[in-house]
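Below, chain A partners chain B and then partners chain C, in two separate complexes.
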Partner chain A sequence: MIQLIPHIINGLTLGLLFALIALGFTLIVGVMEVINLAHGAMFALGAYFAMTTIGGGWFAGTEFGTWWLSLPIGVRYAVGVVVGPLLAACAGMVLELCLRPTYGKAPLYGLLLTFGAGLVIEELIRHYWGTGEQSLTVPQSINGAFFMAGLIFSKYKFFAAAFAIVAIFGVWAFLEKTPYGAIIKAGAHDSEMVRALGYDLAKLRLLIFGFGAALAALAGIAMAPIWGLRPHLGIDVIIPAFLIIVIGGVGSFWGAVIAAVLVGLAVGITGAYAPAWSMLSMYLLLIAIVGFRSRGLMGRKSALEN
Partner chain B sequence: MSDAKMITLSDIPAKGGSPLTLAMGVFLAALATAPWWLPAVGLYQYLGIEVAIWLIFALGFNLLFGYIGLHSFGHGAYLGVGAYAFGLFQQEVAVSLWGGLVAAIAASLVAGALVASFISHRRGIYYALMTIAFGQIFWFCAIKLHSITGGEDGLLGIPRPDLNLGPISVSLADNTSLYWFVAVVLGLVALGLWRLANAPLGRVCQAIRQNEMRASFVGYNVWWIKWIAFTASAGIAGLAGGLFAMAQESAYPDVMALHQSGLIVMMVLVGGGLVSFWGPILGVILYFVARDVIGGITETWLLWFGLMFVIMVMVRPEGLAGVIHVIRTRIGMAPAARATHTKEA
Partner chain C sequence: MPNPKISRRNLLGSAAAAGGLATVFGPWKHNRVYAASSDKPIKIGITSDASGQYANSGASDRRGMLMAIEEANARGGVLGRKVEHVHIDTETTPATGSRVAERLITREECGFLIGAVSSGVANAISQVAQRYGVIYLNTNSSSPTESGENCHRVKFVWDGNGANFSKAAIKNSLDAYGGDVMLVTNDYVWGHDTAKATRSLVDQYGGSIVDEILVPQGTRDFSATLLKLQQAGPNVVAAAVGGDDQIALRQQVAQLGMGDKMAWINNQQDWPDVYGLPLDNLFGVFGTTWYYGLDLPGVKEFVQRYQEMYPDTGMRVPGNVFYNGYMATKNLLDAIERAGTTNNIAVIKELEGHVMTAEERMQHHDAVIDPNTHQVQQTIYLATANEAPKEDDDMFKILTQSDPEEVRDQNSIGACNLESYEDTPTFDA
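Now for the complex of A and B:
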């Protein structure tokens, strides 16, 4: 039984990171009723941006680049964690601008456009960073392993879990405790009314998309040392993200978090017994849960059902 | 939703069920002469086979996507199931063309029927999401069931069995004769689907797309029709898969991945499957020509195809067939679509 503990911890870490990805996704679905299939591409893009920032690839060979590389890795990592999501947010906003012609049409078109955009971003990554697997450097202090009760644990997994928990609570506090969060929630509930009250809906959508992309990028940066960086990371990660949304219920914050942790645990625990089949467990979880609760754990009615 | 803003299949008046239309004639003529003009325009015979197979897949897919309006994003799975079934039949049972194709169709019909039973009560995005999940399960099983499917490498060395028609036996080993076989199958599938699309069942499918609840109030069993449409289009995908396994002489899990399932959606949409029976054909041809022509110029051809797709969705989501229809309306060759007064932005 005790051998299961590392698997449960792996599963929890995975689940918390999935939750971070899914939150950006559900925010966009909730407010804009767009299934953003490019969300995974934002995840990959954020991680690649952070990698290049940390490695100084933007200004390699210049004097600034040399100075930058002489800084301690901790500082560079911290800057990367900020710059990566910011750049991804810009990409997300560009995507939102492209999406504008699809508003008011069937949700299918938003989904198709973002699928195409995801493909384009993946190809751009392949073109710019190459097809090979790359890695994101992390500071020594959060790297490596430690022993506890005779079991070996990876330090980074604990760091990533803590990182995800802080980020999730940050998002929660932002949505629940700030006036901006109130506008976003109101927009998810009834966007026409928000517009009637004088808020600029176009700007709100732009910011939501940027915010969602930044969250995906944060998750990507935290996930990159575990999964590695490869161009098709986006496709690999978008599937768990939408499974979580469907299991948790579209537009529900805690639904997404709970579903993500469930999925993470399912993958982690099946990983202990049948590692090759661990990813299948999430599909089975989906079919089991959605078979009984068609709107997921905490879902409410949405225009997307039409 | 607000589909009414855009032209759809139902807005372009159909000419009844007769397959003797100009478009069908052009299509069949192009199909019948391809072995002569393909090399003449700098292409090669194998491309013809590939395009024809994907056309079978796309036409069957559009029955679901364009006519009944159910957006499956996991349809590559059924192509893959068909390909594996064909390969396994050749390797485990007997080297037989008809046996293999029947096995391919039967396997994907069963897979499609099973999935359809789970998802036919849904619609919209939830339907799309569930098809992705099921498609991924098939893909995942194909990779992991190593002893049956050969894992990531797939089944290799699938033979191209001879075509047996009673006393006559023809070898399909070379690409030209295989092209003829695939082209005949495609012609039959196209004629059959054209009849089906213009038969009462096709009309009911369109009614379901426009308003599912209204269709059920009129008295149609919507669940059952959605089930039939999904199962049938999975079966046609399986037929395409069997031919694909024969053309490639192998079956591998790549065709079942989300990527490929998304590509067929892209092809059908770019071509205009939402507007015309012939839309998927334009889309598939455009995709393969883009792959070979742009792919010959730059390695990043998928980037350009993706960009083209994104722009198409932004400015004219009805696809190429929609563009053609608008042009024909402008120059007065076609009756105006009923919905043109609320033209899309």
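Now for the complex of A and C:
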């Protein structure tokens, strides 16, 4: 049992990171009913933006660039964590503008468009940053290892998990405690009514897409030091994100968080005792949960079930 | 009662129908001729990955092939014919590899196929290639089975394999660090075959395998693996983890500072997987077939040609994957030239047993294409991170270089059973 504890801790931290990945995805699916297959590309794009900001690549060779690089890494990292998601949010909003002609049409149009956008973004990354592996530098204070019960743990992973907790509660507070969040939730529930009450639905959708992309970017920045950074990094994200929102119940915020933690625990614990099954464990979890409860853990009841 | 009389019309009709059926279903071997005239280009199908786990290495592999093709065309082509190429992404997926091979052969009419990093994909491609008799060069996949039980008359394997690299690394590590070995194995053909080779060598040198952790392809979080390694506390960790999985593993080992807590043997280290990473990601010892920093004739010029052809690539110097792609393609084109024909059997015979001088290979020893397994027997280098680099790209420190005979994979010889020439369809490409 004692040997199991480190693996449970590991599963929990992994789950929190999965939750961070799934948040933006569930927001867009829940509010706009668009499965954004470019979510993974936004994840990678945000990490690349942050990497270039931290490394001063935007203004290399200039006086400002020299000054920038003389700043402590902690400051540059903090700026990167803000700039990366902001730029990704802009890209997300451009994507939403492109999506507009597909609203009201068969879901396949939106699906194909976001799939294509994901490929385009990946190619743009390849073109601008190259095909090779890159690394996102993090401050020394959160890098390295620490010992607990005679075992080595990664400081950064715990930092990223804490970062994920802050982000989860930040998003929750935004949705639950601000008027903007109320409008977004109302838009998810009944968009026509929101429009009838005089809110600009087009602006709302733009905001949601930007917000979703920024969350994807934030997750990318958190994960890049663990997973590495390469143009096709986003592919690693889409399947777990999709799986988590289905397990949690499409559109459910806490459903996604709980599902992510369950997936993290499943992967972490099987990784220790039956490692060959660790990737498969998340699919088995999906089958087990959706088999008994087709709308996921906290999904809304369908009108057909009444 | 119908008239039993056989009319001439019926007889001719039946004969035509029987002929037609025989053409389709008959046991005859089809001998195809793609090129009747000398002005028709020689067409090469490139089967490298552009997506999936080995996308990055696939790009490097492809650049190597293209440089060899461009150099051949600059010399006036091969047998006076221009060399053309078609590339289709094999997606690091065996099923896609089969489809791509089928399409390149039947629709694109490619006479030769080149490229692979994943052994699963290489195996799938080679099965299709053998069916059509199309020569296939497995440039960069390293499973011992590729030149063992999955060998084929049409397939030639250019990279060192898991057994070669293990031989170069295991004994030294056991002597230096102790005999308890834990295996970390990518859960697919290359990982399993390499682990099998490592097991047998550990037994041979008196060590013991404590445990094996299987890592599914696509794993990004190695915390559970690393925790388990700490709990088991082996002297040596022999890792056969490739591509993006390996990058993630390296990154996480470096983060934990576990690189020097136990002795790591990373069976083979492909240059595209580590290029540009911080040096602490390059822990342990690992094998390679070539390094741009080798102080040998021709290396500097080779690097210069690469830089001239690919001025914009982020990878400023070529690595082992590029090198294998280049060498395989160049040697195929040379073999066609020597054979004086594009007939597949004639070219296969030219390649079998062909000796390449050390100078030509830019390695320390002569290399030979083993006629029994079709694997290139070549110098294997053991390397580690270079703590005193001469320049940013100078990431490896070469520790030893092994003669091909010292690290020969003996098991492949017994396991490989090449199809006969007669059972291999013939054609002129």
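The rule is simple: the second predicted complex is superposed on the first by the 297 of 306 C-alpha atoms of A that agree within 3 Å, B and C clash if a C-alpha of one lies under 4 Å from a C-alpha of the other, contacts with A are read in each partner's own complex, and residues count from 1 in each chain.
Convention: contacts are C-beta pairs under 8 Å (C-beta built on N, C-alpha and C of every residue); 3 or more make two chains touch, one makes a residue touch a chain.
All figures in this text were calculated on a predicted structure; none of them were measured in a lab.
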item	value
When chain B and chain C are modelled together on chain A, clash or fit	clash
Chain B versus chain C as contact partner of A:105, first or second or both or neither	first
Touching partner for A:170 - first (chain B), second (chain C), both, neither	neither
First (chain B), second (chain C), both or neither touched by A:276	both
Which of chain B and chain C A:35 touches, first, second, both or neither	first
Chain B versus chain C as contact partner of A:228, first or second or both or neither	second
Chain B/chain C common contact set on chain A	232, 235, 276-277, 279-280
Interface residues, chain C side, partner chain A - complex	51-52, 55-56, 59, 187, 213-221, 223-228, 230-231, 244, 247-248, 251-252, 255-258, 261, 272-278, 281, 313-315
Chain A - residues contacting chain C, complex	3, 6-7, 10, 13-14, 129-135, 143-145, 151-157, 225-228, 230-232, 235-236, 267-272, 275-280
Chain A partner contacts - residues on chain B that touch it in the complex	1-3, 5-6, 71, 118, 122-126, 128-130, 132-134, 136-137, 140-141, 144, 257-259, 262, 265-266, 269, 300, 302-303, 306-307, 309-310, 313-315, 317, 344-345
Touch list for chain A against partner chain B, complex	35, 98, 101-102, 104-109, 111-113, 115-117, 119-120, 123-124, 126-127, 232, 235, 239, 242-243, 246, 276-277, 279-280, 283, 286-287, 290-291, 294, 303-306
